[in-house]
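The chains carry the letters A, B, C, D and E, assigned in the order they are written, with residues numbered from 1 in each.
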Amino acid sequence: SSGAGSSPSSSSSGGADTSLSDVQSKGELVVATEGTYKPFTYHEGGSGSLTGYDVEIAKAVAAKLGVKATFRETQFDGIFAGLEAKRFDMIANQISINPERSAKYDFSTPYTISPGVIVTKADDNSITSFDSLKGKTTAQSLTSNYYKLAQQSGANVQAVEGWAQAIALLRQGRVDAVVNDKLTYLDYTKTNPNAGLKIAAETADKSKNAFAFHKGATALVKAVDKALADLQSDGTLTKISMKYFGADVSK
Amino acid sequence: MLPTNDTPVLQVRDLAKAFGSNVVLRGIDLDVYRGKVVALIGPSGSGKTTVLRCLNGLEMPDGGTVAVGASAEGPAGGSAGRSAGTSSGLRLDFGAKVSGREISALRDRSAMVFQHYNLFPHMTVLQNVTEGPIKVQKRPRAEVVKEAERLLDRVGLLEKKDAYPFELSGGQQQRVGIVRALALKPQLLLFDEPTSALDPELVGDVLTVIKELAEEGWTMVIVTHELAFARQMADEVIFMDGGVVVERGPASEVLRDPQQERTQQFVRRLLHEF
Amino acid sequence: MLPTNDTPVLQVRDLAKAFGSNVVLRGIDLDVYRGKVVALIGPSGSGKTTVLRCLNGLEMPDGGTVAVGASAEGPAGGSAGRSAGTSSGLRLDFGAKVSGREISALRDRSAMVFQHYNLFPHMTVLQNVTEGPIKVQKRPRAEVVKEAERLLDRVGLLEKKDAYPFELSGGQQQRVGIVRALALKPQLLLFDEPTSALDPELVGDVLTVIKELAEEGWTMVIVTHELAFARQMADEVIFMDGGVVVERGPASEVLRDPQQERTQQFVRRLLHEF
Amino acid sequence: MTFDWDLIWSSLGPLIGGAIKGTIPLTLASFSLGLILALIVALMRLSRNAVVSGVARFYVSVIRGTPLLVQLFVIFYGLPTVGVKLDPWPSAIIAFSLNVGGYAAEVIRAAILSVPKGQWEAGHTIGMSRGQALVRIILPQAARVSVPPLSNTFISLVKDTSLASLILVTELFRNAQQVAAFSQEFMALYLEAAAVYWVICLVLSSAQSLLEKRLDRYVAH
Amino acid sequence: MTFDWDLIWSSLGPLIGGAIKGTIPLTLASFSLGLILALIVALMRLSRNAVVSGVARFYVSVIRGTPLLVQLFVIFYGLPTVGVKLDPWPSAIIAFSLNVGGYAAEVIRAAILSVPKGQWEAGHTIGMSRGQALVRIILPQAARVSVPPLSNTFISLVKDTSLASLILVTELFRNAQQVAAFSQEFMALYLEAAAVYWVICLVLSSAQSLLEKRLDRYVAH
C-alpha cells in the first residue's frame, strides 16, 4: 500500500458535505481494510494481490461510482482512527453495525447478513446454546460484536487478536468455545476439514455488516447505498457471495 | 643562558581564584622574564595547578591582572614567526568583565604540558603535534609538518611519528606532549608536573628535554616535585602553600636554605629523610 | 633486627615463566630468611612483578620450585597464630602438575601490597581489613576487629576506619593496603612498588610504616625504585634484568658499588644524573 | 483534537487496574527472574570453556535477534504442540524473563569486565576463591555500573509487557484497547495509556536515581 | 510441530521482499536521522542552560516513557486532526527517528561524558574552541564507546519497525501476517519471520564488530 498521500476527501464537519464530490474529483475511493481477515480481505495465496469478499464488493461499488478503489491496509487498531483522521473514505472490513459505532460513524446498507455461531470441539456436548456458555471460557476478537454477545451470555471471555489465535486456543483446549461469524468458520473448515470442530449453536439475531464512513458523509453514503442497490439488483452481490461462501449472504 | 630584556613576558598581579567558598588562590604575583625558568613548588592542594590553569585560560580567575608581553614569540634566541596578532601585548583585568575572546587570546600565548600527557588517543603522534598549528592556527600544512618532524627528531621520536599514543611509553608520550606545545610557538611554556606520572626510569629523558629547552631560551613556568632538577634549572623558585606565595627567590637560596618554616618542612618531607 | 634461623621462610629455585613465546623469567633463585628484607630492583619489564605474582599464586609458573617454610607466621618476634594447616611446610614443584588447592595454600602463606593499593572501593577501611580474616580465614569477628583496629591505630588511621577508600589520600590508602596484608598474618609480605603511585610528599609516610615493619621482624620481599630506601632497609638487594638475576648481594654493595655494567647503568639512570 | 473527558476519567480506573494487576507484577516478576538468568548467562559468556560460552552467545543472539512477539507466541501457542501447555501468566513470565535474560546478560557481562583486574587479584591475595571474589568483590562493584543500562531494559520491559495481551494476560494496554473498542475512541485511550505508562516510568526513574545514589555512596563525586 | 515446508519456502520471497523494501530501508533511514537528532539532544542535555537541558530531558522522558505504538499512532492518526497530514513513510521515519533520538541521546551523552576532561583541556590548550574540541577531539573518542550500546538500539529498531504496518507501511512482519492469514499457519510464518529477523541481526552484529575493530585501532588490546 503505497502512495497513501493522495489524500481522501476532506469532507466537512461544519461546511457543506463535499464527501461525494471529493471522491469524484480525485477519481478514487480510499478504502481501509485489514488484508489479513480471510475470506473477507486477504492476499491471494498469502502474498498475491489483495482480494476477498469485502474487497470485491468495494471494488464493484467504486466502479459504480465511476472511480477507482484504492485500498489501504492497516491493523484493526488503526482502522477507525484512520477514518477519523480522514485518511480513508470508508472501511470495508466486515464492520458490524452497533449503537456505539452508529453514534460516531455513518454506515451504508449492510452487505453481509449472517448469524454468529458458537464453535466448539466436535466431541464437546456441554455447549448447546448461548445460555450454556455461562461459566465457560471463550476466545473473541476484542473488536468484534461477538465479544459483547459472549460476555452477555455469562462466558469468561479472552480477548485475542483474531480468528487464527482464537481457533488455536480452542484446538489446544485452552478455551471451550469461540463465538464468531459463521462465514469465517465455514471458510476455515474448507481449508482445514479435519480440525475436529463443530457448530454448537447459532445466534438468533443476524449481525449486519456494512461499510463505515465518517459522520456527515451523507452524500457519499447515499451514492454507495445506491451502488449497492444496483449491485444487488443486477446480481453482482449474489455472484460474489456465491463465489466465496456458496450461498448468498448479502441480504 | 641568553641575556634577558627588562619587560617580563608574563606579569601577574594579585591573582585570585575561589571554587565556591573554597579560596584557592590569593594575591599571587608573578614576573617571568624572557628566557627565564620559574619553578613552582608546594604541597598538594596549594594551588600550583590552578595558577597554571589561570594562565592558560582553562580557569577563569576571580580577580587580578595577567599581562603577556609584546615581545617576540618562541625561544628568546629564535626567529620563527607566529600567526598574526600575537605580536602586540595582551593585558586582562579579571576584576572587570573578561570576554571569551580575550580568554582565548590569552590561551594562544601559552601552551601547557600536562601531568598525564593528555595526548589525543585517536590521532597519531604527528597528527597530535600538527593539529593545533594546522586546524587552529591555519598555518600551511607542509610547513607545519616539516617543523613538527624537526621537533620530533629533536626529542628522538621521529620514527614514531605514525604511531598512536598507546604504542608509546609514558616518557615518549610526555615528549610528544612537549613537542605538541612547542609546535604552537607560544611565548610561554607551562609544565604541570611533567614527570610525576612517569616510571622512575623514564623521568630522566623528559627532564633532559626540558633542560635543553631552557638552555635554548624558552620562557617557562614549571610545577615540579623534582627538587634536584629545579635547583639545576630554575632561575627563580616560588614556594606556595594554601593558595599564597610563602617564599620566593633564586633556586639556590629557596631550596638549599629556605627561610620560612613551611618551606623547610616541605623540602624535608620531599626528600623523605627519616 | 631480630636474630634469624637457618631455614629460609621462602626458598625459590629455578623459577621460570613465559607468556606465550615471551620468556619473562628464567632460573630465578631466591632465599629469604626469617625477619629479613629482600629488595628487588630492575628496569621496567625485567620481571619483578611477575616474580611476586608467582610467589602469591596469582601467576602459575612454568617450572621451578617454591617452598614456604614451616616456621611460625607473622613477624619473627610475634606469637599470633594463624588458621590451622599453615604450620607445616609447603613445597610446590612447578615442573610437575600443581593443583588449585596447592596454589591457594601457597597464596595463604603470603600477602601482597599492590602498587595501586587495590582496596575494595565498596567497603569501608575496617571492612577492607577484616574481610580476609573473617570471610576467608573464618576467624572470630570480635577478635579480628580488635586486631584490625590495633593495626589501623599503628599506622595512624584508626579514626578513618569507617571511611571509604575514595575519602582517603593515596598514602592513606596504601597504609590501609599494608594493614589489610598484615591482618592476614602471612609468613611473608610482598610489596610491589608500594610508593610509586603516590604523590611525592606522601611517599615518606608509607616508607616509614614499611621500615617499622622490617624492624619488627616481618619477612618481606619489596620491589621498589626508591634506592635510598632500599639501601637503608634491605638485607639483600637483587637486581634483575630481562627475566634473570644479574646481580645480588648486601644492599651496601649492590647499590653503592655495583659490579655489573647493567646494574651501574640502571642505578645511574634512576638517580637521573645528567 | 477534542477529547471525551468523561470517558478518559471513567477509564482511568480500568487502566490503572490493568497496570496494578498486570503490567507491574508482570514487569517485576519477569525482571527479577530475568536478572538471575542474565547473571548466569553473563558468567557463561565469560567462561573459558568454549562450549559453555558458545551456548550463552547463541542464546543471547537468538533472544536479541528475534521479535519478542514471536518468542511469546512460540512459548504459548507453539509449546503445546510438543506437549507443554503453560498457562498465560507462567508463559508470559517465562517469555519476558528469557528476554530480559538475553538483553541484561550483555549489560552484566560488560559491567563485570569493567571492574579492574586488580580487584580480582586483591580478592585472591586475601585468600578468596574465584567464586568468593565474584560474589563479595566483583558483583557489588559491577552492580553500580550496570544500574543505568539495566534501567533501560527495565523501562523497555514495562512497555513490552503490553504484548502479554496476545497470550491472554490482561494488562494496562489491553484494557485501553478494550475501552477503545467499545467507545471507538482509539486516540484518546491510547494517549491515556501512554500517560499512565509515562507516570510509571517516571516513578521508576526516580527509583533508579535513589538506587544509584545508594550504590554511589562509596564513589567520589 | 510439523511444518508445511512448501508454504515456508514459497513465502520466503515475500518475507525477504518485505525486509528489503520495508524493514531495512526504514531501519537505516530512521537510524541515521535518529542519530543526528540524538547528538543534538545529547548536547542539549549537557548544556549549562537549564531551559535547554530541561527541554531535552523532557523529550527523552516522554519518548522512553511511552509506547512506540502510541507515538506512531499520534503522528499518523493524531496529527491530521490538527491539520498535519503526512504520508505513511514520512510518518514512520519521523516516529522511529524520534524514538531513536530519545534512546540514543542518553547513550551519546554518556559517551561524551566518558571522555576524560583532560581531552577537552588539551583541545583548549592548543587553541580550540568548545565546538572544535567537540568535533575533532571528543566525538571521535565518544564514537568508540557508544558503538556497543547503539547497536542495541539499532537491533531493537530492526524489530520495532514491524509496528510500521499499523500505519500502512508494508514490511517483513506484515507480509508474514498476510501469509499466515491466508494459510492459517501463523506459528510457522511467525517462526519464519523470526528467522529472517535473526539473520538480519546477525549480519548487523558482524558489521558492528567490524566497526568496533576500526574504531579500536588506536587502543591497546
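The criterion applied here is as follows: a contact is a pair of C-beta atoms (placed from the backbone, for glycine too) under 8 Å apart; a residue touches a chain by one contact, two chains touch by 3 or more.
Small disclaimer: the values here were computed from a predicted structure and weren't measured.
Contact with chain A and chain B alike is made by E. For the touching copies chain B and chain C, the fraction of interface residue numbers used by both exceeds half; the interface is of the same-residue type. The greatest centre-to-centre distance from chain D, using averaged C-alpha positions, is reached by B.
Farthest chain from chain C, judged by C-alpha centroids: A.
Per-chain Cα centroids separate chain D from chain E by 19 Å. Averaging C-alpha coordinates per chain places the centre of chain B 52 Å away from that of chain D. Distance between chain B and chain C, defined via averaged C-alpha coordinates, is recorded as 39 Å. Inter-chain centre distance (chain A to chain E, centres taken as mean C-alpha positions): 36 Å. In chain D, the residues touching two or more other chains are 77, 186-187.
Multi-chain contact residues of chain A, defined as those touching 2 or more other chains: 77-78, 81, 84, 165, 168. By the document's touch criterion, interfaces exist between A-D, A-E, B-C, B-E, C-D, D-E. Interface residues of chain E, counted against chain A in their complex, comprise 7, 10-11, 13-14, 73, 76-81, 85, 87-88, 165-168, 170, 174-175, 177-184, 186-187. Listed in rising order, the residues of chain D touching chain E in the complex are 1, 61-62, 64-71, 73-74, 77-78, 81-82, 103, 106, 110, 148-149, 152, 155-156, 159, 162, 173, 186-187, 190-191, 193-195, 197-198, 200-202, 205.
The touching residues of chain B, when paired with chain C in their complex, are 43-44, 196, 199-204, 207-208, 211, 225, 228-229, 266, 269-270, 272, 274.
Residues of chain A touching chain E in their complex: 1-5, 7, 35-38, 42-47, 72-75, 77-78, 81-82, 84-87, 162, 164-165, 167-168, 188, 191-192. Here chain A touches chain D in the complex through residues 77-78, 80-81, 84, 100-101, 104-105, 142-143, 147-148, 158-161, 165, 168-169, 172-174, going by the rule given at the top.
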